[in-house]
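Several structures are given next for inspection.
Two complexes are shown next, each including chain A; its partner changes from chain B in the first to chain C in the second.
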Partner chain A sequence: MLILGIETSCDETAAAVVADGRTILSEVTLSQDLHNLYGGVVPELASREHTRTLVPVVREAISEAEISYDDLEGIAVTNGPGLVGALLVGLSFAKALSYSLNKPLVGINHLEAHIFSVLLERPELVPPFLCLIISGGHSNLYLVESLGRYRSIGSTRDDAAGEAFDKVAKLLGLGYPGGPAIDEVAKSGNRDFIKFPKARMKSGGYDFSFSGLKTAVAIYVSKLNEKELQKRRADIAASFQEAVVGALLDNTIAAAEEHRMARIAVCGGVASNSRLRERLKASSETQGLLVFYPSLELCTDNAAMVAAAGNFRLENFPPDDLELDAFPYLELGD
Partner chain B sequence: MKVLGIDASKPLGSVGLIDGEQVLGERKFPIVGNHKSTLLGNIDRLLKETGVSIEEIEGVSVVIGPGSFTGLRVALATAKGLCMLRELPLAGVSSLEALAWLLPYCRLPVLAAIDARRGEVYAALYNTESGNPVRLGETVSLSPEKIYERFDTEVVIIGDGAETYGDKFEELYGDKAHVVRTFSSFPGGALVALLGREKILKGELLSLEQSVPVYIRPAAAIFKKRP
Partner chain C sequence: MNEAGFLKASKEERLSISADRESTRKVVSSSPEETESLGERLAKKLSPGAIVALLGELGAGKTCFVRGVCRGLKVKERITSPSFIIINHYRGTLPVYHIDLYRLKGPQEFLFLGYEEYLFGEGVTLIEWAEKAEPYLPPETLSVSMRIIDETKRELSFSREPW
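Now for the complex of A and B:
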């Protein structure tokens, strides 16, 4: 099927055309850099920007794919989780377009779309597998039992992994978004410089917690003067990154062992972190695990993954109706 | 020319359909709480009721603001989605000007006032003596007290802002305020369509690629946790 995907759940306005859930004909993502000034996404600004940029982005995706609107066989749009105001812009537009085109519409869970960002490029990855979704808004561990059947076995109790990167980057004066900035600076730092605490969940399970770590960094930084901070910035960044990566890795490897999963998919913006990839590579080699990532462009929010998930949904389930709503706290799986 | 009118700027939304100057139909529906996505379903019902298919629509008119930020965006995004495929003309209508159209040939200036929450109203002053409202001065978002300071003249006040703050306006203006308390659910989608049709005929169109709602208020830089 030829599917147009639309994604506006946070600060990326994106549209893509994907054939049969496998071949990306076009992918247009407009990142709103206006939030950089504030060190984080301002929801009202994000919604305002989507309203302005959606039509040019969709038109670009259609023209880049060299198709006409009539060739489309369905429209897939993210309807949660995310910022409700931002979601409503993409959803309202997608509904109206599908109505005027008279083509089926399907609402897509953003988290399921992330899982499809891996499946899209790696047809050899078949369920069951373990999927770690780590981004600015999410930190989730899922058992993908079969396509469409997901069991949540871990999620964050407080901040998402990417959010922790953003907040610590702000503390270190590294700007926004924090993930790539810390990754870069940490390369010249000593990751054993400070032993930051790693949260352990009393109740067992594979939940994450990053706010204690962020606070520990904040306390450490507050004791330094400007000159000391300057000198130690790379070491603090490297030590913080090591703690986050360690927490993500520990849970993921332990869950893979317990559930006897030999395949792990890692996706979301934080999946592009170089230290995470390095350590996962080492662990997977010793433990005999196969790790799958999307390409770097598909790690961050994009519409190709939405279209790919839409292809699966429309091939296996009835489409949604005109009353389809946006759900900011939409959950995935059992 | 069949024109669809859309207003989601208030808690009570409305859609209307006209053919030339004839009103074919109109619907009103709540768009609060969990019903923010109900707009397109209501457009569909309106078209079915009037026996008009979406392919027959030749233009869309949308209330562009001021009003509920989310409502304005839902309406504009829907309008853009409906117009994009066939490059239909899209017109934007001011929520305040639409209110002023309810009181044409009025000897007193008309103060259109929409409840803006947080103790303020969106307001603009119109001269409607000629039958066509002409705006006098800026569109503002202010408290009733500041509105009185800015528009200190004998006025007819109309809109849901007049209902919410009617007593306050009467206290401030004394005999100089004439508060209309019966039009809170108006204007409807049909009037929006009629006003938009005028604009389309004059070539005053919104760009599908560039247009944004008229918010009046800046985006408050409040940091919320991403869900």
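Now for the complex of A and C:
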């Protein structure tokens, strides 16, 4: 099926056309370049910016895919979780488009879309597998029992992994987004310089907690003067990153063992972290696990993954009607 | 988008966020658990429409305090940081709006969010990084400034007698 995907759950305005859930014909995500086209920085949080930018983004996706609106066989749109105002912009637009073109509409859970960001490019990845979704807003561990059947086995008790990266980057005077900034500077740092508390839950299960780690870094940094911070920035970044990666890795490997999963998918913005990939590679080799990632462009929020999930939904379930609503706290699976 | 149609508070009436006012109550918490208990204790004093502004640096314990308030209001859901999503809703004995303005650049963006309806709603509104909405918070807002003393100790300063 030829599906138009629309994603406006947070800061990115994105549209994509994907054929059969496998072939990306176009993927447009409003980036800094496009922001410049519209004359200045788009206020990060404003859903009205989605209103302004969504139509040109969709037009560009259609034209880049070299198709017409009539060729579409379905419209998939993220309807949760996310910022409610932001979600509603994409949803209302998708409904209007579905109604006017008389094409089936399907609402997509943003977390399921992330799982499809891996499936889209890796046809050899078949359930059951373990999926770790790590981004600025999420840290979730799912058992993907079959496509469409997900069991949540762990999530964060406080901050998301990507959020911890962003906040610590700010403490260290590094840029935003914090993930890539810390990843880069950590390469020249000593990751054993400070033993930060590893964010692991005492009470069993596979939940994450990153707030205590963030606080430990905040307190450490507050004791340094500017010169000392300069000198130690890379070491602190590397030590912090090691603690986050360690917690993610420990939980994931332990869950894979307990649930006898031989395949692990890792997606979301933090999945591009180089140290995580390095350590996961080492562990997976020793344990005989196969690890799958999306390509770097599909790690962060995008609409291709929404279209891919939409393809699956529309092929297997009836479409949604125009009563479809946005759910800011939508959960995935049971 | 201007403030004219929104809060008509004059400069004098606006919440003055200051930890050193005479009416300030200071409490020292020596653990996250104690900070949570202080929040729980405060919850009993909150009525519909109450606004609590939480101020303080990263790691000061704002979310921890919120967790306590939520426990006091019998919220069953897990309290996580809303930094990314800006606002979490919880259902307790009163609706709880847990707002986190960390990612906002300033007060203008707060207006942009259109959250004023929460401030005058039936629920309790807890705002982390309230510094970024300061000009728009009504005078009845209770502010709690949190300061890191050391690894475990935090100083909480209330803008007025909270108990």
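Worth pointing out:
Quick note on the criterion: the second predicted complex is superposed on the first by the 317 of 334 C-alpha atoms of A that agree within 3 Å, B and C clash if a C-alpha of one lies under 4 Å from a C-alpha of the other, contacts with A are read in each partner's own complex, and residues count from 1 in each chain.
To be clear about the criterion, a residue touches a chain if its C-beta (ideal position, glycine included) is under 8 Å from a C-beta of that chain, and two chains touch if they have at least 3 such contacts.
The structure presented is a predicted model; accordingly, all values stated were derived computationally and were not measured.
Once the two complexes are overlaid on the shared chain, A:51 sits against chain B while remaining clear of chain C.
After overlaying the two complexes on the shared chain, residue contacts for A:83 are found with chain B and with chain C alike. Applying the stated contact rule after C-alpha superposition, one finds that A:324 touches chain B and leaves chain C untouched. Chain A is touched at more residues by one of its partners, and among chain B and chain C that partner is B. In the superposed pair of complexes, A:118 makes contact with neither chain B nor chain C. Contact with chain B, but none with chain C, is seen for A:97 once the two complexes are overlaid on the shared chain.
In the superposition on chain A, contact is made by A:214 with chain C only, not with chain B. Using the contact criterion defined above for the overlaid structures, shared-chain residue A:163 touches chain B and also reaches chain C. In the superposition on chain A, A:222 makes contact with chain C only, not with chain B.
Using the contact criterion defined above for the overlaid structures, shared-chain residue A:69 touches chain B, although it does not reach chain C.
Touched by chain B in one complex and by chain C in the other are residues 10, 43-45, 48, 81-83, 85, 136-137, 160, 163, 328-329 of chain A. Note for the complex: chain B touches chain A at residues 34, 36-41, 43-44, 54, 69-70, 73-82, 84-86, 208-213, 215, 219-227. Interface of chain A with chain C (complex): residues 10, 43-46, 48, 81-83, 85, 136-137, 155-160, 162-163, 166-167, 170-171, 211, 214-219, 222, 328-329. Chain A meets chain B in the complex at residues 10, 38, 40-45, 47-48, 50-52, 54-56, 58-59, 69, 81-85, 88-97, 99-102, 136-137, 160, 163, 321-326, 328-329. Interface of chain C with chain A (complex): residues 57-59, 63-64, 78, 80-81, 83-89, 102-105, 109, 112-114, 148, 150-151.
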